[in-house]
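Next come the structures, one after another.
The following pair of complexes shares a single chain, chain A, combined with chain B in the former and chain C in the latter.
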Partner chain A sequence: MPQTLDRRRLLATAALGGVVGATGLGSLAPEAAFAAEPAAVEPGAPDPNFVEGRISKISGHLLLVTGSDTVLHSIRITDGTSIWKLHPTTFDQVAIGDGLYARGVRLPDGTLAADSVWVNIVNLHAHIAAVGRNLLHLDHKGQRIVAHVVPGRSAAVYNGTPAISDLSLLRVGRHVQVLGAWHPDTNEIDIATVYAAA
Partner chain B sequence: MIDLIAALQPLVVGAVLIWSARVKLLDRHAATTARRSALARLLGEHRALPAYRLLGGIELALGGLLLLPPARRLETAAATALAVGFLGYLAYARRAAPASSCGCLSSRPTPVAGRSLGRAALLVVAAGLATLAPGDWPAALADRPLAGGAVLLAEAAAVVALSPELDAAWLLPLRRLRARLTDPLRGGTGLPLLATVQQVQLSDSYRRVAPLLRSDVREHWDDGEWRFVGHAARYQGRPVTAVFAVPLADGEPDAVRVAVVDDATGQTLLALSGAGRPAGPRLHVVPA
Partner chain C sequence: MAAIRGEVSWFCCGTAWGPCGTAGGGACGTCRSGNYQHAWPNTSDACYAITHPDTCGLSMSRRTCGFRHYTTNLCNGSRVGTTIADCGPQTDLFCGERTCCGSACGSNRIIDLTPAAFSAIGSLSVGLRPCSVDTV
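This part shows the complex of A and B:
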């Protein structure tokens, strides 16, 4: 924990300190940054740097994932991997049975070294069938989905304006798009963001 | 009492059939509704609409006959057979084409659910009761108008309650009213992380370092007046951290600052404080 605090203090000082010129970075023009190798993906071919599936085994920092097409993938979580599970979180929150989307770089042995992992992420278009205390009942193509509002985490975007924490403008019967975290093997989700008209 | 209920059933069944026929014969969206229903699966795409219209015609004829007294046993038996047919069709639709729409009492796409099956079963019972104990509904209603009215009202309420198509007319307004009275989603406060991320992504600082970023948000924390958002990034093969500082009180993208810090040495490789002028030529467009 002290390590984290020291690191955060260092990063905060760097961000709030004076302007540091291009000393360590070379040219600052955006073109220079684009000099990185472009991703070579054939049009129509599956992106080799993306994996989706459900976690069947966790050994150390290696995840064994079964894709929805039953293909097995192994994903390595590195020090630089971002892990999202309703919010940015840490590797110990990832469990067997969770679904995930991962993006990263293929290593020569076929393992995906993940840059970002989104655990149990879902993206739904639905209608609000009913609301309860911190609860939305969603009608998604005739299926009922129970969406939990997580105080302090869930946000709403109304008419494309900046996100706010106040979800009370949502109306029964209206259409919404919900990004959230699925509770595996249930019809329940936690709401990360709900997009609606108000 | 059972005689009274049985005598009134032709009225109930007839009304439901005529309503149902109205949707099949007069609705502008009947073609779409037929294509969405399990009839398309059962009979083929091009036969679905004629079958749907034919069914509407049968419903209209039978409903009219039932409403016009006297209700003959032949009519109520035919209605029972039709209701059993509906029940069987809905059970088939639910098994064979769960994504199909009911197409029953409204052109609104409605998946076949337990309630639709319940309504079909209610019609079977009503028509069967009328067949077993035939009666004359105007006479029965004139005899005991109060009890008869109550029975009709209860049955109409049951049919409406079992019709998912009609929810928008009564159930959703009720739920809206309850939500307005109790306000169950109240209480969200604070600045969500997404608002900060949106602000960062609109900022000039982000645009300049975005090609270096490798990960989504890795960590974020609040310190005093500022919120910090860290991404893993890579520069010249070195793992670095891009940390954005966003003032909590200022929503302007120009206020976002960024630093790029080497993970191994802790050295600040770059720090930008908001609105820097982009390098390169700028095009000024003056409205004519």
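This part shows the complex of A and C:
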């Protein structure tokens, strides 16, 4: 038996109901997992192992996703899939209407066996238009977006310094990058990390 | 071009959900979140006038739509090849910013990848990584 685990076979096994747990897969932690896989996609081309869209149906551990280009996708959540929705979370937190990006491997029937699913994740470049109690009003491409500070989760990185929970140094007019989770029902977001320029 | 070292982030483009829905096809008109593409801060005079990497002391070559770059995530060594599809990042707004993984560091934002490309070399939940960028 080869010493190196074949990732595609493992995910396919998990997707098909094999007894494979996240602990057993180990290297499914995103940073380590991506390091192990060389990119084989031609620069400029679409990646067949990546899906973008909104969840239109959840059936067991299968997500039916409608891509923004209207293409339909099936995504299989396995025991080894890492799920992010503002923070690492579990499958029961995923809902119909959520947007997502997913990466994994294609099974023979076209289903994507997901390595990682990032639910409602946004990474906005914006200016701070106003600061309120536990929220920021962002100007993003001419659109106003309300960004909520989530106590215990939201953090700020001030010009490359280590992330801290104190967001009080953010000022109106500053340019920021905001990594967070979108609320499909209100179009507002929760803040995971704010990167603030000097 | 010798490899340059800096920071890489990600951005969405093309048809999309949520706040990304207003992103459009980027400066080249071809940008799609699911494609291996990137934004580069010197795609034209108009682009350079916005991004101004020179104010951070960077000399970045003029490259136009479709040009290939290869980005290496210095946290794990993984690498992805992408083509230019947009102008960005706005380097001058984050002059001097520094991101590290242990002793591997990068300063100043030099490239933004699409979600498909960024997620091939790192997790989208980490918005910023030190990187090196080259052309081969």
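Points worth noting:
Following the convention adopted for this analysis, the second predicted complex is superposed on the first by the 157 of 198 C-alpha atoms of A that agree within 3 Å, B and C clash if a C-alpha of one lies under 4 Å from a C-alpha of the other, contacts with A are read in each partner's own complex, and residues count from 1 in each chain.
What we mean here is this: contacts are C-beta pairs under 8 Å (C-beta built on N, C-alpha and C of every residue); 3 or more make two chains touch, one makes a residue touch a chain.
Remember, predicted model here, so these are calculated numbers, not experimental data.
When the two complexes are overlaid on their common chain A, residue A:43 makes contact with chain C while staying clear of chain B.
In the superposition on chain A, contact is made by A:84 with both chain B and chain C. Once the two complexes are laid over each other on the shared chain, residue contacts for A:193 go to chain B and to chain C alike. Of the two partner chains placed around the shared chain by superposition, chain C is the only one that A:182 touches, whereas chain B remains out of contact. In the superposed model, A:116 lies in contact with both chain B and chain C.
By the document's definition of touching, of the two partners only chain B reaches A:167; chain C does not. On chain A, the patch touched by chain B and the patch touched by chain C overlap at residues 30, 34, 84, 88, 116, 118, 141-142, 157, 192-193. Taken in their complex, chain B has these residues touching chain A: 99, 110-111, 113, 168, 172, 175-176, 179, 182-195, 198-199, 207-212, 214-221, 223, 226, 228, 230-232, 234-236, 239, 241, 243-245, 251, 257-263, 266-273, 279-280.
By the touch criterion stated above, chain A contacts chain C in their complex at residues 30-32, 34-35, 37-39, 41-47, 50-54, 67-69, 84, 88, 99, 101, 103, 116, 118, 120-125, 140-143, 145, 157, 159-160, 175, 177, 179, 182, 184, 187, 189, 192-193, 195, 197-198.
Contacts from chain A toward chain B in the complex involve residues 8, 10-12, 14-26, 28-30, 33-34, 36, 79-82, 84, 87-88, 115-116, 118, 129-136, 141-142, 149, 151-157, 162-168, 170-173, 192-193. Chain C contributes residues 9-12, 14-23, 32-37, 66, 68, 70, 73, 75-83, 85, 89-90, 93-99, 107, 115-117, 119-128 to its touches with chain A in the complex.
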